[in-house]
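In the two assemblies presented below, chain A is common to both, partnered first by chain B and then by chain C.
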Partner chain A sequence: MIKLENISFDHCIKCTVCTIYCPVARATHHFPGPKQSGPDMERLRIKSPGLLDDSLKYCTNCKRCEIACPSNVKIADLIQSSKWRYFRKAFRVRDFFLARTDLMGGVATRASFLVNFFIKLFPVKFFLDRFMKIPSERRFPRYAQGTFRAWYKKHRKEQEAFAEKAVYFHGCYVNYNNHDLGKDVVTVLNAMNVGVIVTDEKCCGVPLIANGYIDKARKNALFNIESLARSASESGARIVSASSSCSFALKHEYPNLLELDNSAIFDGLDYITRFIHERFEKGNVPAMGPVPVRAAYHSPCHLERMGGVMNTIEVLKKIPGLELTILHSECCGIAGTYGFKKEYYKVAQKVGDELFKRIERANPEIVITDCETCKWQIEMSTPYRVEHPVTVLARAIDGKKL
Partner chain B sequence: MKRIETEAIVIGGGATGAGTLRDLSLRGVRAVLIEKSDIASGTTGRNHGLLHSGTRYAVNDLESARECIRENKILKKIARHCIEDTGGLFVTLPEDDPSYHGKLIEHCKYAGIRCEEVSVQEALRIEPNLNPNILAALRVPDGTIDPFRLTSANVLDAQERGATVLTHTGVSGIIREGDRAIGVRCRDRRTGVELEVFGGIIVNASGVWGQEICASAGIALRMFPSKGSMVIIDYRINNVVVNRCRVPSDGDIIVPGDTVSLIGTTSKKVEYDKIDEITVDEDEIATLLESGEKLIPNVSRTRVLRAYCGVRPLIAVSGEMDGREISRGIVLIDHERRDSVGGLITIAGGKLMTYRLMAEMAADLACAKLKVRKKCRTQKTALPGSERKLDQAKSVKFFTGIPNSVVGSTLYRHGQRIRNILHREKRNYGLICECEMVTEGEIEYALKKLNVKDIVDLRRRTRIGMGPCQGQLCAYRAAGLFVKYDSATSAESNKMLVDFLEERWKGIKPVLWGDALREVEFCYWIYQGLFGLGDVRFPEEGEDR
Partner chain C sequence: MRYDCVIIGGGLSGLTCGIRLAEKGARCAVISTGMSALHFSSGSIDLFGNEGEGKIVFRPFEYLEKFIGSNPLHPYARCGSSRVREALFYFRDQLDLEDIDLYNNDDANHFHVTTLGTLKPTFFSQRSVFNEKIRLAFEKKSKIAALNFEGYRDFYPELAVINLKRNVLFRNIEISSGKILYPDYGDPQRNPFEYRSIDIARIFDTERYLEDLAAQIRTAAGDAAFAAMPAFLGITNFKRHHQLLQQLTGLLIYEIPTLPPSILGMRIDNALKSRFAALGGVYIAGDTVRGGTIAGGRLESVFTENGGSSALYAGSFVLASGSFFSGGLVSEFSRVREPVFGLRVYSHAERSKWHAQEFFPRNGHPFLEFGVETDERFNPLTDDGQRLGNLYCTGALLPHYNPIREGSGGGVAVSTGYRAAELILAGNR
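For the complex of A and B:
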């Protein structure tokens, strides 16, 4: 059955611009590029699913092709949906664990010290490499002790006291790996007289989609839509997320890829810098001290796709003392769980190469980016520390050292 | 003047002529085929590609229906790689006369066509894009047939058995000696060289043009040309043949043809002297899209790639009748008996899918005249490429390393002969046509083995330029390969490029809106803006150009 909503491939005029902009096609000849894997092959896949080429698994779903396309072809969506429509599900322990960020996080945070220690040990790395096909070169994000939600519980009362509130979708990374970012969000929003509401949530689904667990992704999505919508309508608040990929999923992957109705949250949902920028524009700018740092800003692919890069840049420009170099837009290559897989590791690093070189040339003290996986990739592949824009903003507000 | 002596001459390289050539070759008769343009460039290449089950004719023309179902079964065995056994549905729309449904079931019984009634729900499961408001549905053994592959495979087999094929060579007249036709005068339309071919028997299989051939031998034969138009949809909007269950009328059928779907057809009278100038009319396109949308609503939202038309080669039996009411029956004429001109027979009428039967009839008569006592073997002997059942999964495995899409598409087009085409050298499976997955290896094979003289011919053998971009990305690459494989000089290849784009343009022009228009604009930008192709001047040459 050809769903009417999915016939955007029919508009493709074969201009090949998408392939020119695809970072993966540039990095490896094993990937024939978005035009071929998307609209071209879709016609053949409709004729016979046996004509599916498995080379399309190289696509990282970075969506750069969709930004470039003059015909509004949902190229990356076509590729992702072909992955799970036609591939036979080969259960892989690794993919299962990589996809279940919340499950893994829930367990790891209970003994984060041990996990962080063990995962660096040579025999463990060797085992992961040999048997799980997770490359030994790959550095893992550290797990935190306890969860962000547990911290929030203690501060809920004070947050609910604010007149204006925002529902904050923190995502797995903040909950299990980086509580500080969540706290920084609270610092910044509070400084702008906005209280932070945290409601029930599940993993946004990005890693599930990437690893082909579509039913589970749909389940999570339905849960999130319902929960966020309820919480937002109760408190009359807008919804924010400080992860560019989570926001992208909630706003765009849900309707386009998972084919779910997310109209209940679509209009109320913002990536955080847009929320902040809008208020800055209206004059709601908190008092800020100087942050005298030389920083290079990297714009993540999914934020580009949402058209949100401008907001982050405008917000950063308001920070006194911050010396900002805006890097040419490049993909870092990690693409969520992609760079954790041995078969793609080399491609991921090659994709990121151009970005790493540009960072080097900018000679910064730190790198700023909106996406947690970009952060892992850059920190692993360059000598620089990477911070979230909200964190930098929070330091300007609370005056602590960045 | 060049002179060729042979046993039998076949005029016309449509399915009928090609089939006759093969049939004769299988019986050991030396034969020469003469075609004024390319193989399958006449009506054969301009039809709907439906492998009828006979159901459509069951009510009005039982004889044709019986022929269809018989040939349908034979072709599914001998021409596997030219056929897709998709199955077909006859669906009744709310506005259609509901009684036709029952009538059809009854007549299918007489004709021996397996026709089962299926529930609307089941029909929608078989073809999910179907209009959900249909009232009733029948399932029949319709299929699809690719005319280009079918004709080419017949020619290939004949050539491998020793037959001679002269394409781009037109017959300008029959040479008579007393009351016998003893040969033909022809002219190579590319080089202008004249030649004469002599043989013991001449089979006129030139379709609707047969009237002219007969006239040149002093024989009166009247054709009744009826034009039919079709539109091509960008991708397969249906996977089984969808027919409307009513008295045959315009826009009744949607056929899934390879990667596209075809809506057809119309039926319009044309004057005989206009048969080489026919074009698709606006009202025909409107009719086809309107009726198509009623069967499959998706039609309204999908890009139309092109429109084309063909002329039905019906021999007027009597008076003025509507094109569709004339029997599509096969007409075999022994001009010795009818007109007292020996050495000439005409085979015409029928359908693409009855080509084998027509060829058998013509070859039987030709052999009788030549006193060759050999039986027809075409009902049992598979065409080259169709020798064994095709298994995509096995081929994909055999060619590990080459993309599935390439292996699958090549296999679909050439069947068993894929082994002569693909190999694991990178250059071999590099893509030339990205829409239809045509590789350099496939083009090389076509240039060397399949009588390809220009890019239009190449398109008929491979599907190059038949996808959504209509040649935009592949045409210039193909032109380069003609030079690389010594099939043309670079000046000739430039000219071919222009001719090919003109030929594509002709079919796009009637449907110039929406995405097709954007596509053409981009194509123009490449070929004119970038290459300046319109400003290249070519020396004057043969009439064919």
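For the complex of A and C:
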């Protein structure tokens, strides 16, 4: 029996506009494009899972097809969910570890010096490439020593003293790799008289979804919805996240893909630049010194899908001295764990090629983007350093060097 | 978020309006649910092509002068014919800045060939579709070769040739059809039947295969002076590739619009978006306006699906959300409604009168003339009769014109979008 609510593929009028805007279809002929892999094949898959065409594995879930679709078909959701609905679940060590960002981070941050050292060694790279199918060209993000949460614990008291507070979903990257970004969030929000509350959280689920660990993703999602909702209602605060993909998952992937009710957090949850920009508009602008830097801004796919790009741009425009070029919207290609897989690495780099060229032409000193994996991809593939918009804002506030 | 003007709909009309406003320094945002109908268009801009009953209009501006007097509710009448002219040539100049040359036969219409090989009168075409040289070669009755890639399923040259030969204009012209093969780029996984216009456009855009393709075109065209090909000669830099291909083949290469996705339409879409962005406009893609707050005869703000509780405020708003196809109008069993604000709609109470009996009626279907009722300033009324003085309705959403019968869709979109911008600018002065 076909569930009537699951026939959004039937709204597809076969116009092929999604395929035009699919960065993967542009990069490789091995991917037939979102129309064929999504709504077209869905009819066949419903009839018989035996008719599954495994070329849909090439989809990166960037959601550009959904932005382009004039008929509101949830094309990427159809493709992503097929990955676990129809594929035989074979255990892959690599995918298991890539998907468990919090497990890996928890271990690595205990001896980050060693991990960061070993991961760059040739024999390790060779092993990862040959046996784990993680390409040796891929550069890994550095692990930090200790966790952001441990740092926050020492500052909890002063944060709770603020009259207005925001619940901050920091995500795995801030907790295990980049404490500084978390501290910058605290600097910026504090300067706007907002205290930062950190509550219990698990990985948002983006890498789990991408690697087909859907039960685990649902478990994490339920935990996060419950924990964030409780903390927000206790303190009467809004919820913010400074990772565009975490925010996108919490807000849209939970209900649309994981089919979970996230109404308890949906309205209260903002990607951080929306939260900041709304306060800027009401006159709550902190004192800022000049940041005389030539920067190019890259808008991540998931932030585009959420409609949050304009907030980031408006916030950046408020920073004195910042010379900003807005790059034409292109996908960087990494798509989270996708670019860490040998079978997709070349496609990922080809997808990103257009963006890399455009960055080159813009001739900036730094690149600004909201997404941590876009940052890894751009820093690996171009000579430019990449910073988060909140970091740039924090430097304008605290006057330290960017 | 606050703007001077928020435009709902990112198609031909919304973007023309946005470009005019942004050029004059207004802070504008365009919100668009998915890509616009330009992706399904011929890429030519029609002004007025048919009088009805199959009679062709040759000089559209002259025709409009009379037409407007007897059709006071028509969107052109509400703009005024001199403003229609101003709008169209403004549009041409804006595209020129984005390196798209539009050809117009002075004040007269010209014809473009359709996928099926029929002729359609239109006012502006890209120069790969019509230009002075093509006209000259045509007048000299030069031989034409209609070519296609083997396996491409969205154009059938044999069919186009049969239809063209039925036309008086082509009576004494020799037309052949022929095939060329996709370049071999070492990718055996893809069946040629799967290629759509966009895949082929990308082959041209790489420029790597131009020489090989030119040699093939040369052979397939035989002794023809023209090669008519489906419009897929690239998107980025297509002008250069078109010129190169003409040089390499020594032929006039002529583009025929294909089934969607329309490369010709996409070039215009790209150019308009790029122009709008260059003027500082904000284009919000993939979001849908769900409603707005109305107070004292004014629309104060709109809220969107993604924005949730945070609304977009503006001094003026433009609704350019298109007709039924784009979701600007919605038909239910017994009524037609405007889904965003529930504005008052012109339609017919009796469903059986919405459409003609034939599928391709000579005078078009009546439902094409339905739309949001406005006053002469393009301000609509809410369902309870309140006039919204700062909301302007433009483009395919408007009633009292029939884009199919008249051949006027593009011109109405451009001129009403431009007119709304002028009204907004005058109001702010």
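Note that the second predicted complex is superposed on the first by the 399 of 402 C-alpha atoms of A that agree within 3 Å, B and C clash if a C-alpha of one lies under 4 Å from a C-alpha of the other, contacts with A are read in each partner's own complex, and residues count from 1 in each chain.
To be clear about the criterion, a contact is a pair of C-beta atoms (placed from the backbone, for glycine too) under 8 Å apart; a residue touches a chain by one contact, two chains touch by 3 or more.
Here the structure is a predicted model, which is why all the values come from computation and not from measurement.
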A:Gly307 in the overlay: touching chain B, chain C, both, or neither? Say first, second, both or neither.
second
Would you check which partner chain A:Ser71 touches, where first means chain B only, second means chain C only, and both and neither mean what they say?
both
Just chain B (first), just chain C (second), both, or neither: which does A:Ile7 touch?
first
Based on the superposed arrangement, let me know which partner A:Glu278 touches: chain B (first), chain C (second), both, or neither?
second
Just checking: does A:Lys47 make contact with chain B only, chain C only, both, or neither of them? Give me first, second, both or neither.
first
If we overlay the two complexes on their shared chain A, which of chain B and chain C does A:Ala287 touch? Say first, second, both or neither.
neither
Now for A:Cys15: first (chain B), second (chain C), both, or neither, which partner does it touch?
both
Go through the superposed model and pick first if A:Ala161 touches only chain B, second if only chain C, both, or neither.
neither
Note: overlapping chain A surface for chain B and chain C spans 15-16, 32, 36, 71
The answer for chain C against chain A in the complex is residues 1-2, 29, 33-37, 39-40, 187, 189-190, 194, 196, 198-199, 202, 260-261, 266, 277, 282, 284-288, 304, 306-310, 326-327
Inside the complex, what are the residues of chain A that reach chain C?
15-17, 19-21, 26, 29-30, 32, 36, 66-72, 266-267, 274, 277-278, 281, 304-311, 313-314, 326
In the complex formed with chain B, which residues of chain A make contact?
1-2, 4, 7, 9-16, 32, 35-36, 40-44, 46-48, 50-55, 71
Mind pulling up the chain B residues that touch chain A in the complex?
128-129, 234-237, 256, 258-259, 298, 301-303, 392-393, 396, 403-405, 408-409, 434-435, 437, 467-469, 472-473, 515, 518-519, 522
